[in-house]
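Look at the two complexes coming up: chain A is in both, with chain B in one and chain C in the other.
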Partner chain A sequence: MIQSLRRTVNVYGAIAAMVPKENLAYNIWVWMQFAVQIMSMIIFVYFWRAVYANATTLGGLSLQQTLNYILLAQIIAPLVENRLIFHFGFLVRSGQVAMELVRPIDFQARYYVESLAGLGVYLVQKLPLFLLAWAFLGLQLPADPAAWGAFAVSLILGQSILFFFDWFFACLAFYSTETWGLSVVRVGVATFFSGALVPLAMMPDWLQLLAAALPFAQALAVPASFLSGITPAAAAPQVWLIQLVWLMGLWVLSRRVFSLAVRKVTVQGG
Partner chain B sequence: MKRYLRLYGYFLQQRFKILMEYRVNFLIGATSTIVMQIAGLLAIWVVMRQIPSLNGWNFDEVLLVYGLITASESITHMFADNLWTIGWGYVRSGEFDRFLVRPVDPLFHLLADRFCHDGIGNFLVGVTLVVKAMLSLGIALTPLNVLYLIVAILSGGAIFIALNLITATSAFWIVESIPVTQIVFNTHQFAKYPLSIYHRSIGLLLTWVIPYGFASFYPASYLLGRDVGALAWLGPVVAAGLLVIGYRVWQFGLRHYASTGS
Partner chain C sequence: MEFPSVPVIQVENLSKVFRVSHKDPGIKGAVKALFRPRFDAKVAVDGITFSVEPGEMVGYIGVNGAGKSTTIKMLTGILVPSGGKVQVLGRDPHRQRVANAREIGVVFGQRSQLWWDLAFIESLNLVAKIYEVDPARYKQLLDQFAETLELKELFRVPIRNMSLGQKMRAELAATLIHEPTVVYLDEPTIGLDLIVKERIREFIKEQNREKGTTVILTTHDLGDIEELCQRVMIIDAGRLIYDGPLSTIKDRFGKYRTISFDTAGPVGAFDPSTGSGLVVPPAAEVEMSEPRKLVLRFDRTQTTASRVAAAIMDQIEVVDFSLAEPDLASIVKQIYSGALRDEMVQEAAA
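And now, the complex of A and B:
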């Protein structure tokens, strides 16, 4: 029992340890993403300042709350752009999926561990962005450790929700070969409904309903609201509970759908 | 010149034969970018319906700016997308060496090699936005205005292509040129909104250094009757100048090209 547990920890630990190495291998891409994110933060700051020239609050949010929220949203937005379906498409096309499926570890668990490790690496990597936003762009972060705790837990839960949603979505790659188009559609929908562009509170009711019915906001708007002073830390247990329900539901669904879809795999022998 | 036009037509014909082999993929590729555009537009709509104007620009006026930059961008997306892929698609693989021994200009060959259908969706969105905004604002589509629009969009497209050409040339030294291109290309995001909302230095940057302002803000200002002086007419001149610089830089890079040997 203990031995098998130790073995599991070792195997998945090794997988997680690979993630930072992979990220460091493509240094110039990291710099590119920095530059692109700084630009969009600057654009959003000027845009929202111009918007608030006409109003003191919008959707119940002050300028400072909106700026906090949007700056944080821009920092974590790339995490919502998961393209697992694109990767699945590649595995099917190249025939590698056959190799992946015969490995003696759980296919899904391996990717989940990778995605959690990726989240950690990402946050460490983006620390300079937090500092920049705080020093030059007017980001005000809460001093209350409870707000940080609520943010951290809901970010991990939200990213997990997104992972299991994407797993379920990526199974489409077993049926269709047009994975690039599907992943672009997925990124477009997620960018808007995660709340990366506009705080959800400013949307009209029908859009808010849609945003609540889709999982994307759980990974971005929900955690960012804790850190930008929109959702009080006291509401955390309730928010976490909703996220747990999402998580359980999508976890069960993703495993069922995968076990059905995987039978459709026809490896082309490439 | 005539020969090149005929050649381009021939390349295009071959490309469409390939694309039409997979019709559904073609349609999805051509339309999927529309979803991304809708996300951005929905965000502007959500905000603008609650306020009278953005720094004195109403919703339709902002759409005009947004539509012009989108249409200009689609020109490079459709006709010069290989400037993105030159590094990993041609230089790294050694494919580029083939262009050098053929009796056509290597740059022409590179661009003509792949018409990119993914830009069609953006083109449709851009043109639709411009026409919608002009109708709502009561700007007549007179022959002069239409001509101005076509020149503005083509000049904007040329500015995009020239800047991508300059940055793509870095592939001759560093092979992987996409990050360099992406950083400069991404500054066009500023030009999706009226430049007057930014600090003066950003406006100057987008006018004289990375002149995306000529692809959206200045032509929009002219059509709306806002006084921007000679800047309303400078777009084609800037575009032509930048193309010349871009071609020079490209030739300089070409002289320093040493194949990867793969």
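And now, the complex of A and C:
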């Protein structure tokens, strides 16, 4: 038991360790994303200051809370643009899926580990953005370690929920081979309903309901709310429980979907 | 104690049918297909049966689209068969895909299993970790492979910067680093120059000799087959039309042999530049004639090499002569163009 656990950790640990190395191969992309994010943060700050010119609270949020929230949301927003759907399309279209299927590792576990490692790499890479937002754009971060803990756990859980949710759509690649259109629609919907543009509390009731029924907010609005002081850290256990229910349900379903989808594989060419 | 040898691969009545969307040409056809998609069934593999014993090296050949790669993909667990049975080392390769993957190695000549942007050695380290190769053993194999495949100067190079030949050597090393029991090589020498081909064949032979690795090789390069395989399977339109020793096929179809003579110069009425004036022995014909060289082809079911040689030497001063083995390329050309099918039909009729 311990032996097999150690082996699993070794194998998937090695896969995770490759992620930072692969990311470093695309230096220019990292800098470009930096520039775009700084610009959009500045725009959002001026926008929300203007909106608050004649009000002290909106949807129950103060200007400072909204600014905190929107800055954090903008820093982690690219995480919502999961590339899994697009990647599966590539795998199937190019026939590279054949190579992935002859590796002696669990297909889903491998991508999950890569996505978690990617999250870690992303946060380290974006540390300068946190500092910039804090020093120049008025981001106020909590001193309470409980808020940070609530943020970290709910971010990991939320990103995992998103991963398993995306897995369904990614598996459609095995049937249709074309997923580009799908991934574009998915990014648009996710950006809005994750709360990356507008705090969910400011949306009309029916939209809030819809956002809660979709998994995107779990990956962005939920963790960002902890760190921006909108959700108190005391609410963390309840939030985590909801996230765990999401996670378990999607995980079980996604395993089932993959085992069906992989039977449909046709390998293009060669 | 001797154990009876259990086949490594057992295939029974295996078939694979693909659904291919059917579109009429032009915009009209595309629109029609959008609203009422139609699918044609394409039979890629049509009820094949064979088994492979441990340590065998089997050449699996056929024209493009004959069903070679589809068979390999079912053997490796990538594709699910539409019918029939596959067992590799006692497992169903698709149902037990991960367990199966641990014991096999696969090279698809046109794809890569290595990480495109990483230095080769990093990819290799990761592959070794994924397959749980013992670190000490890994080091040993690394040295060994570095020598036979000349990899030393490639370790630091990312795959994307490698030439085709370098890439294939790297792929082979990565495929065999966990010492798999069965190796599937799908066109491993495609597009490579002779020196690299030679090195790769040597390497495969060595692995087979030293570790008893079972090798299934699909290729269009008959040199690969001649160098590596004693057994050949030929697939045509999804059916296995031949499965047997390479020598049998050579005997059966190598009906014609060529004999070439180096001549000292013109003799008698013989004009070497045209070949005229020569009395050609029965059941033979002139294939090529140059001032100092004469090549004849003869049907060895009707005459013998010595009769042909004697008849020529009576007429011309011969410096040297040589008899060529039946050439597999021309045999396979005959088979692909239907000779074996015709023969099977004749046998069935008789």
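Heads up, the rule we're going with is that the second predicted complex is superposed on the first by the 265 of 270 C-alpha atoms of A that agree within 3 Å, B and C clash if a C-alpha of one lies under 4 Å from a C-alpha of the other, contacts with A are read in each partner's own complex, and residues count from 1 in each chain.
In this section, contacts are C-beta pairs under 8 Å (C-beta built on N, C-alpha and C of every residue); 3 or more make two chains touch, one makes a residue touch a chain.
Here the structure is a predicted model, which means the values were calculated and not measured.
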Who touches more of chain A, chain B or chain C? B
After the superposition on A, what does A:98 contact: first (chain B), second (chain C), both or neither? second
Contacts for A:202 in the overlay, against chain B (first) and chain C (second): which applies, first, second, both or neither? first
Partner chain in contact with A:54 - chain B first, chain C second, else both or neither: first
Would you check which partner chain A:21 touches, where first means chain B only, second means chain C only, and both and neither mean what they say? second
Give the list of chain B residues in touch with chain A in this complex. 24-25, 28-29, 31-33, 35-36, 38-40, 42-43, 46-47, 49-55, 176, 178-179, 182-183, 186-187, 189-190, 192-193, 197-199, 202
Give every residue of chain A touching chain C within the complex, in rising order. 7, 10-11, 14-15, 18, 21-22, 25, 95-99, 101-106, 263, 265-267, 269-270
What does chain C use to touch chain A in their complex? 18, 69, 73, 76-80, 94, 97-99, 101-102, 104, 106, 108-113, 115, 117-118, 122, 125-126, 129-132, 186-187
Chain A residues touching chain B in their complex are 28-29, 31-32, 35-36, 39-40, 42-43, 46-47, 49-51, 53-55, 58-59, 177-178, 180-182, 184-185, 187-189, 191-192, 197-198, 202-204, 207
